[in-house]
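Each of the next two complexes has chain A plus one more chain, namely chain B in the first and chain C in the second.
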Partner chain A sequence: MIEKGKISAAQMALMMHPTIIATGILFVPSISAAKAGRDMWLSPIWGSFIGFLVVFIAYQLHKHFPNETIIEYSEHIVGRIPGKVIGLIYLLFYLHVNGIIIREYGEFLSGVFLMTTPESVIFGSMTLVCAFAVRGGLEVIARSAQLFIPIVVLLFLLIVFFLALDLAPTNMLPVFEEGITPSILGAAAPAAWFSEFLLIAFLLPYLTDKEKGLKWANLSVLSVVFILVITNVTALFLFGEITADLLYPVMSAGRYVRVAEFFTHLESIIMAIWILGTFIKISVFYYALVLGTAQWLKLSEYKFIVLPLGFLLVLFATWSAPNLTELKGFLGTSAVFYLLSVQLVLPSILLLIVVIQKKVIQKRSIQA
Partner chain B sequence: MKWAMIFGITILTALILWYELPKINQNQKKDKYVLIALSAMSWVLAVLLLFFPNMPGPTELVDQIYKPLGKLLE
Partner chain C sequence: MFRKRRKIKKLEQLIAEKELKQPQESVQQAPRSQGSLSGDLNENVNALRSIYDNCSDFIIRPFLIEGKEKATLLYIDGLSNIEEINANVLTPLMEIPKGQQSYELTEQEVHNLASILEKKISVSQVKEVHTYMDITNQISLGKPVILINQSVKGFSVDLGKWAKRAIEEPSAESVIRGPREGFIESIGVNIALIRRKIRSPKLKMEELEVGRITKTTIVLAYIVGLAEQTLIDEAKSRLRRIDIDGVLESEYIEELIEDNPSSPFPQILNTERVDVVASYLLEGHVAIFVDGSPFVLIAPTTLYSLFQASEDYYQRPLLSTAIRWLRYLFIVISLLLPSLYVAVLTYHHEMLPTTLLISMAASREPIPFPAVIEALLMEIMFEILREAGIRLPKQIGAAVSIVGALVIGQAAVEAGIVSAPMVMVVAVTGIASFSVPRYNAGMALRMLRFPMLILAGMLGLLGIMLGIIAIVVHLCTLRSFGVPYLSPMAPMQGQDMKDVMMRLPRWAHRSRPHLTGN
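Here is the complex of A and B:
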């Protein structure tokens, strides 16, 4: 195997948590609010069904091919050439999506704090840090997640706690004014984010305690639902329906904090949460891309393609969208179907083929 | 100005190659070709983006494919 590192199932759950929420807490509340209005607090719960489904599919595929990632077993399932095509789809997909993530990070940082810094510097410095983590291997990413994520979650809950006095729960009334349809439509963006749980297909083969993989992956989905619901509830109670018009509701909430005239303007804490979370998020996607490329081309190791792929990622970040408004429009509409078709539909088709193949083989052996 | 940028891109690509190439095992010919091909791809894409910054990219392609479905959520 190319990757010699081993991680525990709990570390995998800690890595996957920021992989969803890092950009999730910044972009998803306002995208959900645009569709769901006052019922936006329910949208992440609908979206989480996709998360559990993707975890289930990835785990079932993993049970059939315990020591392989999705790039390797797709070749075994559909044959060499179609398998290579599916592998290429995944590699291009992760290259593109990671480019978009780096772009989101750069747009946020340059829009809120570093207004005169050229974006290529912001993209490049973050990608370089992530490149060091990826070069270090799976264990390094897992350890940094273990170190940072408790801090991220604590700081996030601290912000919500400081805001508690300003929350107006009446903002959510009347509940279900137009039935549950708006909340389901608002779940489209969270569902697309939850489908990123397919990344566990790249981590499951390297677990030390494989039997706990499913349990911890589901716990990770639950923790993401918890944080996303808290985010949406806070944004809703604080801003009401104007959440849809805010670019970064959580950032605006951080500016709103005012406790005892001492804790004011906590946006730098939001920034710290965001940078730590995004670091893990980009690293996990970057790792999947690098490992997948090495397995797709059957290389002897993956370390030497980290830097060239990082260069490509920075280029894709600049190439991925002309400006932030168009990027956000894309994320709210076509990207939902893009993410779902690659991360949910394609693996389900693979799983279906595996199950049918096994059935046919069983039948034949009975007849013989 | 653009020529200076091309010079910078070339230096960056050369630095990556200069750092990574000696580390690859001499017997692994394939690894070497992959590294050179990836670096060449990045160099070409960087220069293209420098001259045509508004070149339609992967996002436009995906947007074209999924537009009929994406309209449902507008």
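Here is the complex of A and C:
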């Protein structure tokens, strides 16, 4: 195996949590508010079904090929050439998606904090730091997640707690004004985010306690649902229906925080802790890309392709969209189909083929 | 291609180095020094004389055993206890017994080492030597060697004695409550100090010799059953692989056996305190004693053990926990305070309450530099004073600190070169960095402050966060003898967390901490 490190199932869950949340809490509230309106708090729960489904598919595939990642077993499932093609699809997909993630990160920072800093500096510095972590391997990313994520989640909940006085629960009334459909429509964006759980297909082979893999992956989905619901509820209670018009509702919420007349304007703090989560998110995607590329090219080591791929990531970040408005439009519409088709439909086809193959082999062996 | 060429170059270098080394070796040891003793005393003595050519401190003393047999005593002046040699070796051997006594040697026994030892030498530790190499080793340890005519063996008697420092309280790790003895430069004394704390024979001490020329004694200590066998083997193999001319301090060894020598963070703990070494041995670590150095190495080490003081364990648990938290806060301050100050002043004014912002802006008004430059200036000034304070003789040190305080403090502020808040920030940071119990860990944090300052000046809070992430990622990649540097926090080991975030009372420590490679 190329990756020699091992992680525990709990570490995997901790890594996957920010992998969904980091950009999720930035964009999901306003995107789902646009469709779901006052019922936006329900959307992440509908979306989470996709998450559980993807985890289930990835885990079933993992059970058939316990020591391989999706890049490797797709070759075993559909044959060498088609398998290589599927592998390439995944690699290009992760390259593109990670480019988009870096872009989201950069747009957020340059839009809110560093208005005059060139975007390439913002992209490049983050990618460089992530490259350090990816070079260190899976264990390093897992350990840094273990250190950072509890802090990120605690501080996030603390900020929500400090906002408690400004919250107006009446904003969510009337519930289900137009039936349940708007909240399901609003679930499209969260569903796309939840489908990113397919990344566990790259992590499951390296678990020390594989039997706990499914449990912890599901717990991770649950924790993401929890945070996303809290985010949406907070945004809804605080801003009501104008949430849809805000660029970054959570950031705007941070401006409301006042503690002891000293801690005011906490948006910089929010930015700081949010960077920790984004770092894990970009690193996990980056790692999947690097590991996948090495496996696709049958390399013996992945360290030396980290920096070249990082350079490509910065390029894709620059190319992925002309501006923020179009990026957000893309995330709310076609990205949903894009993400779901690669991260949900393609693996389910793979799983279907495996199951049918196994059945056929079983039948044959019975006949023989 | 390129890589291959580099490899070939490396090979060539290696060969060239070897060629360089070979003649040195032949100079270092006369060709005969490898050989074993011959039966002829004169030949043996002449050979040793040629090995110790031009060594005025090498002493050869021929004598007769009971007036019957020729023998020679060899030692190095100043390393051996001459009175004891006279009283317990020379006198009984040379004495010609009057009349029949039970201690008299027969004609055959004179050639028999064993009976000489049994009847004549009143020294507890005696060792047989067979080769010239043995002899030079023993003599250089201060143990006189006796050679006897017609014998292919000699023996060394343990009568070494040289000037030693008294056992004192280590100045860098003083405590209010707790044992006050510290190690000294003599390895024998140091080992005895540990043995007095841990009396079980399960405490093992393995001796090795390192250094082609200095031939320094190194002792690897561990407790069987507590230390993992893999750890002991790894430590031994790393020590055996050392090939160096001289070892003058345990730092030499530390640098050579560390996992990642280019990291700013020390991956091996060093201490002068006996109780610290004993406690780590009891937790299953190994300790490495180096002769000539009062600093004992402890491996493996985690980041958290660098932030623990021995006093934590000698005060009440609740207070120790509070102090530990305070220390973690100081560590964050010593790394981040100046850069946070610069970031807030340069990029994030909105974080400060208005009144505070106004007073700060007023104090910064006459300053001609941007905040980063101001901070860098002051930090460098502080480091200069600190370094000068260590190196200077004590009498001048006071003068420097007075002048330094004036320069760094009042005069600089009054001259409008730095602002008063900046002086405060630098002072607090400096003091905070000294609260790290291990000097070398504090040093690492103090040096990392400078890149953090520059990052904060360039990118504000984002720069600080990127710096923190880079440092944490680096810490995550580190291992000390296979143990992750950040354990038990990452990877999390719930059981061992009891000694990281708090100092639980002793009765709550029900399980031994365990070091793992995962």
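FYI, the second predicted complex is superposed on the first by the 366 of 368 C-alpha atoms of A that agree within 3 Å, B and C clash if a C-alpha of one lies under 4 Å from a C-alpha of the other, contacts with A are read in each partner's own complex, and residues count from 1 in each chain.
Here is the rule we use: a residue touches a chain if its C-beta (ideal position, glycine included) is under 8 Å from a C-beta of that chain, and two chains touch if they have at least 3 such contacts.
Fair warning: this is a prediction, and the values are worked out from it, not measured in the lab.
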{"item": "First (chain B), second (chain C), both or neither touched by A:T181", "value": "neither"}
{"item": "Which superposed partner A:A133 touches (first chain B, second chain C, both, neither)", "value": "second"}
{"item": "Contacts of A:A321 with chain B and chain C, given as first, second, both or neither", "value": "first"}
{"item": "Which superposed partner A:N67 touches (first chain B, second chain C, both, neither)", "value": "neither"}
{"item": "Which of chain B and chain C A:S120 touches, first, second, both or neither", "value": "neither"}
{"item": "Touching partner for A:R143 - first (chain B), second (chain C), both, neither", "value": "second"}
{"item": "Touching partner for A:T333 - first (chain B), second (chain C), both, neither", "value": "first"}
{"item": "Partner chain(s) touched by A:Q362 [first = chain B, second = chain C, both, neither]", "value": "neither"}
{"item": "Touching partner for A:F311 - first (chain B), second (chain C), both, neither", "value": "first"}
{"item": "Contact footprint of chain C on chain A as seen in their complex", "value": "6-8, 10-11, 109, 113-114, 117, 121-122, 125-126, 129, 132-133, 136, 139-140, 142-144, 146-148, 208, 261-262, 264-269, 271-272, 275-276, 279"}
{"item": "Chain A contact footprint on chain C (complex, rising order)", "value": "347-348, 350-351, 353, 459-466, 469-470, 472-474, 476-477, 484, 486, 489-492, 518"}
{"item": "Chain B-touching residues of chain A, taken from the complex the two chains share", "value": "35, 92, 96, 99-100, 185, 188, 297-301, 303-305, 307-309, 311-312, 315-316, 318-322, 327, 330, 332-338, 341"}
{"item": "Residues of chain B touching chain A in the complex", "value": "12-13, 16, 19-20, 23-25, 28, 30-31, 34-35, 38-39, 41-42, 45-46, 49, 53-55, 57-59, 62-63, 65-67, 69-71, 73-74"}
